[in-house]
Amino acid sequence: MSTPLLELSGLTIRFGGLTAVDRLDMKIPVSNIRALIGPNGAGKSTVFNAITGIYRPTEGRITFQGQDITGKHPYRISALGIARTFQNIRLYKTLSVLDNVRIGAHGIGRGGLFGAIVRPPGIKAEERRINEASGDALELVGLLRKKDERADSLSYGEQRRLEIARALVSAPQILLLDEPAAGMNPQEKERLMLMIQQIAARGVTIFLVEHDMKFVMDLAQQVTVLDHGRKICTGTPDEVQSNLSVIEAYLGKEEAV
Amino acid sequence: MEELLRQYMNLYYIQVLTLICIMMIAALGLHLITGVTGQLSFGHAAFVGIGAYAAALSNIHWGLPFLICVLLGGLAAALAGVLVGFPSMRLTGDYLGIATLGFAEIVRVILMNMDITGGARGLAGIPRETTLVLAFVLAAVAIWTMYRIQDSRFGRALVAIREDDIAAECNGINGLWYKVSAFAIGSFFAGVAGGLYAHFLQYLNPSGFGFAKSFEILTFVVLGGLGSIPGTVLGTTILTLLPEVLRFSAEYRMMMYGLLMVIMMIFRPRGLLGGVDLLPLLKRMLYSLRKKQTPLNGDGNGRSV
Amino acid sequence: MTTDIVLQQLLNGLTLGSTYALIALGYTMVYGIIQLINFAHGDVYMIGAFVGLTMVVVFGINIWAALFVAMIACVLVAMTIERVAYRPLRRSTRLAPLISSIGVSIFLQTLMTSMKGPQPVGFPQVVSNTIYTIGPVKIALVQIIILLVAAALMIALQLIVKRSKIGKAMRATSEDYDTASLMGVNVNRVISFTFAIGAALAAAGGVLIGMYFNSVFPLMGVMAGLKAFCAAVVGGIGSIPGAVIGGLFIGVAEVFGVAMGLGSYKDAIAFALLILVLLIKPTGILGQPIQRKV
């Protein structure tokens, strides 16, 4: 097996006395749709926050394309080709839908203060590229029509899609989706699944955290289960579903409700 | 040019208008820091002061051309702005505001104690160079520059930090770099305004750049509508004119000024132009004008605004 | 500096610092509850000093009664300010009430200037200028009074906040505004009460400072207010013991700064400390770290 795109080895994150993630090992190959599941508080979002540089791991290593990215600043990690969405939607609320995506395209350009004021031809071309890429990303998530509306005027499902467009426009190698289907109705979930498959088909590796089991089992190629910060197992959806400890930790509880 | 103006305009009006233009440049600087980038600054007057002293001193001691002095004033303030921008790495919100206030007070006390600045006696003998025309042109350039900055990759990064700094970082934006840049550019504007101010008043005193002045500029920016360029222009104009208009009430004028600040905030908490988007508003007005001219079709769908 | 001088300066610093602490408590409590930097608070302190002065000079009443009247007067002033200038802005942007408070501050300063003129007004010698010598340290009667009154007021405050029902409501509101109001706490009353207590303490500080320096003036609240505010931040804004520690700390630092020949930089000392503390521990000595949820 060639080097994985993203590799976590012995990733441990503690907050004071609480161990949120405990010696997690994961290998995500290129062009994979990988899901990370587990009960509430299992540490899934914390894993994402560590990968994207928001939290500094207490121990362990994160490598991306063979390069150690542990403890790097989020903006550097983003520049390497890791994009993400947030569990509790973090859009630029008062800005237009288009501007949200154009900010996501920050990495495409180079223009600074001088470019902003003087606007040489190169910068104009760059702006065109940003606008085109933003239009494409909005088209993909079906929000091009609403490009001039304020981000916070969108419905919940639309906001989740806008976050995907904002992440995608930077042409990442890997897209981390933190509960993308949360708050969506069944039709929206169906559309979202198709959308994610479309994105994956373009060669973008997908790593998602999700609560909706049906969604995960239908979409993911491989699933990793986390409980209390520890990995219980990794496998195909079928393997995971038949794993006893998973049923105990997660599905069992779900069914008991 | 100035001579020509004087034939048509009373000297007093010329002075008030010049002051408005100067303050507008300073206020636009704070608009970039606080309104666009969302970094609270309670010490903007210190940058105006640094610019004013740097410009005045390079004129008095080195005899440099006036515009070079103003530019130096801007650069000196920008340098100080970089210094103040760095704490924004660790401090956010009110805490950053308080730190900038502390910095500004320290600057004031230092200016008060330096020999070269004339200390508390102030610095006199600055030649009068600032004209209304120049101040007006520079204010216009400042407004134009601000529009250009805001409509660019650079400006979008600043706004992203204001809206959500964590999301911005995850979008590849180096928050510290952009925050420090915003402080530097905003302070540059303040410094240029200071340079003009020095060559307008011809006398400087550190007490003129204390926190009261900082809050005055902050009020310009907030009262017009935080984050809006027309808001900043309007806020600066109204609040600079206000004390002049209230001059009839002599000693009660600042009392009324304070009172009006409270009243305006209560009735327009988001600023006079807060939440008003000028372009669509203009379009609507034009639309309704056209509507009035053409007779109604009688289908009952004609929307009046 | 010899030990004697150090002890003497320490005493002088604590005296000055205890008045900063009295003002700082108002800033910290108000910020703790509604996250507002109440820039008019320093001017409430100034009004307290003037009311005390007027009571003593014009009405000729005794200083303790004057202190009490000044406290009551400032309670009324602060409650009015809160009702008129801040309450309508409670749900708006953070900067709106801040600007409003600056407006109030300008109003109060100019109101007093137009009434009394900008020059300092002498505060009569209301206590005998007896000086006691305890070992190497000389302590004036007025210093003893200041320290005792400040300590008594702080203990009273602590009792109110920890023991009384309204104190419990204050703590609940400062912990979580929305939950407190959902749990049936009359948030308006709590906020009003917080302003009232803060104002009473500041007024006492104003009268005590008048007694100490024998002069009051309309702009006295500006610098004292800012420094007290620094004290609140240095101690950890929102924390009552923090405000006291911060106030004493800044008072002592300032007095020592002057003793070391930094007299002309006196007003910068508090701010330098402020920046230092903020950079080392952004939430102040006793402040709780801010946890951001991502």
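Observations, loosely collected:
Lettered A, B and C in written order, each chain numbered from 1.
The working rule: a residue touches a chain if its C-beta (ideal position, glycine included) is under 8 Å from a C-beta of that chain, and two chains touch if they have at least 3 such contacts.
This structure is a prediction, so every number in the text was calculated from the model and none was measured.
Note on interfaces B-C and A-B: more C-beta pairs are in contact across B-C.
In this view the innermost chain, defined by its CA centroid being closest to the centroid of all protein CA atoms, is B. One inter-chain figure worth recording: chain A and chain C are separated by 49 Å, centre to centre, where each centre is the mean of the chain's CA atoms. If each chain is reduced to the centroid of its CA atoms, chain B and chain C end up 32 Å from each other. Note on chain placement: the centre of chain A and the centre of chain B lie 40 Å apart, centres being C-alpha means.
Looking at chain A, one finds that residues 54, 86 touch two or more other chains.
Residue positions 294 of chain C are each in touch with at least two other chains. The set of chain B residues that touch two or more partner chains comprises 166. Residue ranges of chain B in contact with chain C, taken from their complex: 87, 90-91, 93-95, 97-99, 101-103, 105-106, 109-110, 112-113, 166, 211-212, 215, 218-219, 222-223, 226, 251-252, 254-255, 257-262, 265-266, 269-270. Note for the complex: chain B touches chain A at residues 145, 148-149, 151-157, 159-160, 163-164, 166-175, 181, 185. Chain C contributes residues 35, 37, 39, 84-85, 88-89, 92-97, 99-100, 102-111, 113-114, 222, 226, 229-230, 233, 264-265, 267-268, 271-272, 274-275, 278-279, 282-283, 292, 294 to its touches with chain B in the complex. Put simply, chain A touches chain B in their complex at residues 52-54, 73-75, 78-79, 83-84, 86, 90-95, 99, 102-104, 106-107, 109, 111-113, 115-117, 119, 123, 126-127, 130, 166, 170.
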